[in-house]
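You will see two complexes here that share subunit A, one where it goes with subunit B and one where it goes with subunit C.
For the complex of A and B:
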């Protein structure tokens, strides 16, 4: 009997959200199939890869990453090298130095860095806050303001500060709003509902539904992403049809398998290799589960994941 | 499972204001009622133009174009005994948001509406009766089988026949209510879709009682597998009940604001 292929057709699709301005833009989402199911329907947009840099420069990054950025002394230099990385679709600037429990840099100081980076590169930009809800509520609206016209993705509003960040990014300054929840499918949907109730266009929202490093409660991430794509496509739930972006690097480079030095753990081998392995494994799993974009740090991870996406497209 | 499909029933010639607006081709009252229903969460809108023996074709075309152009190709149920008017409506109908529904066929005089739906790739509401209300579920299911076979012979997908058990009024037919619920279960077990004029159950009851009875019944029906109902979407209690049942049935994903969307 001949094989009779029955494509799984959905009368729904993930929103297409474009980041960036001018000639340099990337489109996230837009597909009406489960990830990489190009046999069910043509892929509208392949998944995208971003390169993470932070306002802390090269402090604390692995030797391999340092080597890639060798000679870069300013944030502008670092941003340019990040944008030029093989496989990179966009640059993600994390303002981690703003954390009141860390460096506690002032908003002005951070905005100066944002401007420096934005002036140095013309590629699409994602700007992430410091994760402190109060500080981000102050910082991210300013970021949205100074980057007017660049159509950047602001990561992220949360349940506690969506009014300040969502309204500034999505309404006042016409940027793309990132909505962050922590592996909680009901909250992911709720945040989209209340953000659109503020008046933000649903087509201008991207979700970060949270992540974990592979091996660290990662099953919840998979089931949450899978359920979101299922509801978005199968139930045509327009409050879950926003594309998903997943900052992978910030999760994977923090676990002991990636951060322990070779001197401390000689039997584990070189730190860079372990970090790359964790980053690639997690990113590949995120993409297979439903992420429309991932943010990575190591040039080898960026190149590998980008190659995987192209091979499976 | 798909979300429960509500068909808004408020565009009907039985309402004098609507009747007048249809007769005079006055868009304003029609659009106002349509918007109220869509804002309240109706999926489909029923367009009941009455028998419309004289100008049915022209009127149905006018109504379909008016509603679909104003409300982003809102899907419609075309409701009249005038078959030519239904065909005329379908000829100008945009399917982007869903197939048209032919409202309705039965197993008796109106069985030809199944042929009409089949010829036009439409959904049809199939009343499980022939002239009189079915005496029992044996009769109901016989009508169901006959209409299903007819539709399938004509190339229809079984899921495009939405079977209507005929909701019965409690005041007078209280002892038949559980039978209707059992019929819904049988449709559901056969993998069929179902719908009906659910509020008929509370006909003749005081106004403040009707939403309570309708809500209780819709919850029981959804438990049995009812997939759609022709309702007044501006009945808040009823719509809240439907949305809540959709959550329990895992038809929609819960969010704290689920009643607002």
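For the complex of A and C:
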């Protein structure tokens, strides 16, 4: 019997959310199939890859990454090199120095860096906070304010601070709101509901449903993404039809497999290789499970993942 | 030794003495001063607040007391130790839980009607309402020098002849009065007997002329409240009804804390005394007085309670209940007698215990199931008992399934900053004006009673109204501002129902985001249990024909509001029926009718118990339900329609 293909058609699609301004924009989401199921329906937008840089410059990054950014002395230089990376669709600036339990940089100090980076590059921008809910509630509305007109994605509001961040980014300054929850389909939906009830347009929300490094309880991530896509497409649940962005680098470069130096763990081989492996494995799995964009750090990971996306598109 | 004085809002005081370093909560317990401590002194619930009036206390600061409050003398009794003579004020809210014992005069027709209806329902199924207790008249030949049979043999022989039963047992209590009763009445006596096909037990003996009443006692032992009736065992008439707070409350609000407490040396005795000597026995005395009977005339007792409570009642180690694999000492037992546990009724009285199904589904549920009649109908019914544990039974005449979920004490006012049981001063119903955000409420107690807290049905109303008026969002966070909405220094919102000057206590009556969050979790547990159980049977909520709601949440429960907040499924309101304290009604039926008792054992053994913690989707369902009304709004079309208006 000949193979007779039956396409799996959905009467629903993921929202298309565009970030960036001018001629340099990227569109996230927009598809009506499961990830890479281009045989079911044409792919509207392929998944996107962002390059992560932080306000801490090149402090603590692996040798391979340092090598790529060699010669870059200012945040502006770093941002330009990141934007020029092969396969990069956007740049993601993480303001991790704002963490009160870390460097505790002031909001003004961080805003200066945000401006420097934004002025240096014209590619689409994602700005991530420091993960501390109180600090982010203060910092991210300011970020949204100074980047007016750039249509940036602000990562992220959480249940605890959605009012401050959601209102500033989504209502006052017309940016894209990132909504972050903790690997649970219901919590993700609940945050979208309360955010839209605040008045934020559902078409201006991108979800970060939470992530993990492959091998670190990662099955939950796959299952959650999979069910979110299933509900968004299969049940036409418009409170789950936001595209998903997954910051991969911050998860994978923190685990011991990626962070242990070769001197400490000679039998594990070079640190850069391990870090790249973790980053690529996790990002590939995220994309296959339902992420519409991933954020990576190493140039080789960025190149590999973007090649994979093109090959499967 | 230092002098410790507990002063109350009504001006009365209790004085006692203590050593330096003694814990204030312990001192209060010993002096019989009621201070609510649901967490049993772990400094985690923040309810045992007292105000330092004079003297000093060594007292740690906790999260529960704000700086300003600390400066004005508020302390948690459980973290305070004595270091000098001291006077503390015990606010009404701290002792409000200790509901005064109440013996109903039964003038209320509704009270009687519940029992009458239960009786009719059960008779309708063909179960006869009689039991093995009988009064028989016996006449014997007086002894003579030719007939020298001793008194007990004489009675035995007469009874044997009369009833044709071989074995007759005469206990010490009867033997003791036998010579006098026989001789005073010329060997014409009445005997109170329990007869089974091969055995006869003589409970009591009276003269022929005496007016004899055969009474029974049905008791529902709730984790929070105990209620009881004394009945005429022949007619089923209710002679007295009473209720009181469970004296074990001071050892913790929930069963787990009490199980831990009974594990301590002497703990089993302490907890058994708290429920029997301090609570049930005084109730029996009061009820006997009101019914005009002697306690010795109570010849049988039936207890319906959750598994932990019947273990603690019997003084049996309950620790295995909370440890895997959660095995109780008994499901059913017929080896319990009044003298074993010190219940102050006829010492030979048999105590029937409504059968348990598992560690967390106990006799209160099997007794309630009997009353709900779901086992006798082809329609699909859902029986929900809202207590500290929420228990559900779903089924019809062909099958029944049960499960239990941990709702926590929120339905009875626990875990809620201004929560209280449904006693005087509790707000039991509330509406909030959409525009002015001003509340209107109904309070338990005599007209003019000022509000001091919120009981379960009041909390349901307040949360539903706050949600419908858009004051809180579906997560229970405050999104509107106004005179009655305020935020503390950490940004936590609250809604003030009664400012200090309007309230009957020294504090504002308010509901905070933390309270709402606790309640959302309690209602989420109930709703997700309903969904999980139904979906395990491939049913959905539209297939439920009737919902029977039981429990101490109060007859004031507003079903519409309970649906609004997503506690019950969004099905037509006329399908919901509040059946009151079904555990007590069930105990009453089991007491009155041996057949009903057997039926309950049969129901218990036919019920399938579902352990929710082993169902992988339960957690998902639970998180989805922890939202008002639900993360999946398609489950609540009626509520959403209402929201749009």
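Definition applied: the second predicted complex is superposed on the first by the 313 of 313 C-alpha atoms of A that agree within 3 Å, B and C clash if a C-alpha of one lies under 4 Å from a C-alpha of the other, contacts with A are read in each partner's own complex, and residues count from 1 in each chain.
By definition in this document, a residue touches a chain if its C-beta (ideal position, glycine included) is under 8 Å from a C-beta of that chain, and two chains touch if they have at least 3 such contacts.
Every value quoted in this text rests on a predicted model; they were computed, and no experiment measured them.
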Evaluate whether subunit B and subunit C can sit on subunit A together after superposition, giving fit or clash. clash
If we overlay the two complexes on their shared chain A, which of subunit B and subunit C does A:185 touch? Say first, second, both or neither. both
Subunit B or subunit C, by number of subunit A residues touched: B
Using the touch definition from the top, say if A:80 reaches subunit B (first), subunit C (second), both or neither. neither
Taking the superposition as given, does A:193 touch the first partner, subunit B, the second, subunit C, both, or neither? both
Stretch of subunit B penetrating subunit C in the combined three-chain arrangement, among 73-81, 109-117, 127-135 or 253-261: 253-261
Can you pull the subunit A residues that subunit B and subunit C both touch? 185-187, 189-190, 193-194, 197
Residue ranges of subunit B in contact with subunit A within the complex: 2-3, 251-257, 260-261
Residues of subunit A touching subunit B in their complex? 185-187, 189-190, 193-194, 197, 227, 231, 235-237, 239-240
Complex contact set, residues of subunit A against subunit C: 159, 163, 184-187, 189-190, 193-194, 197
Which positions of subunit C touch subunit A when the two form their complex? 473-475, 477, 479, 620, 623-624, 626-627, 631
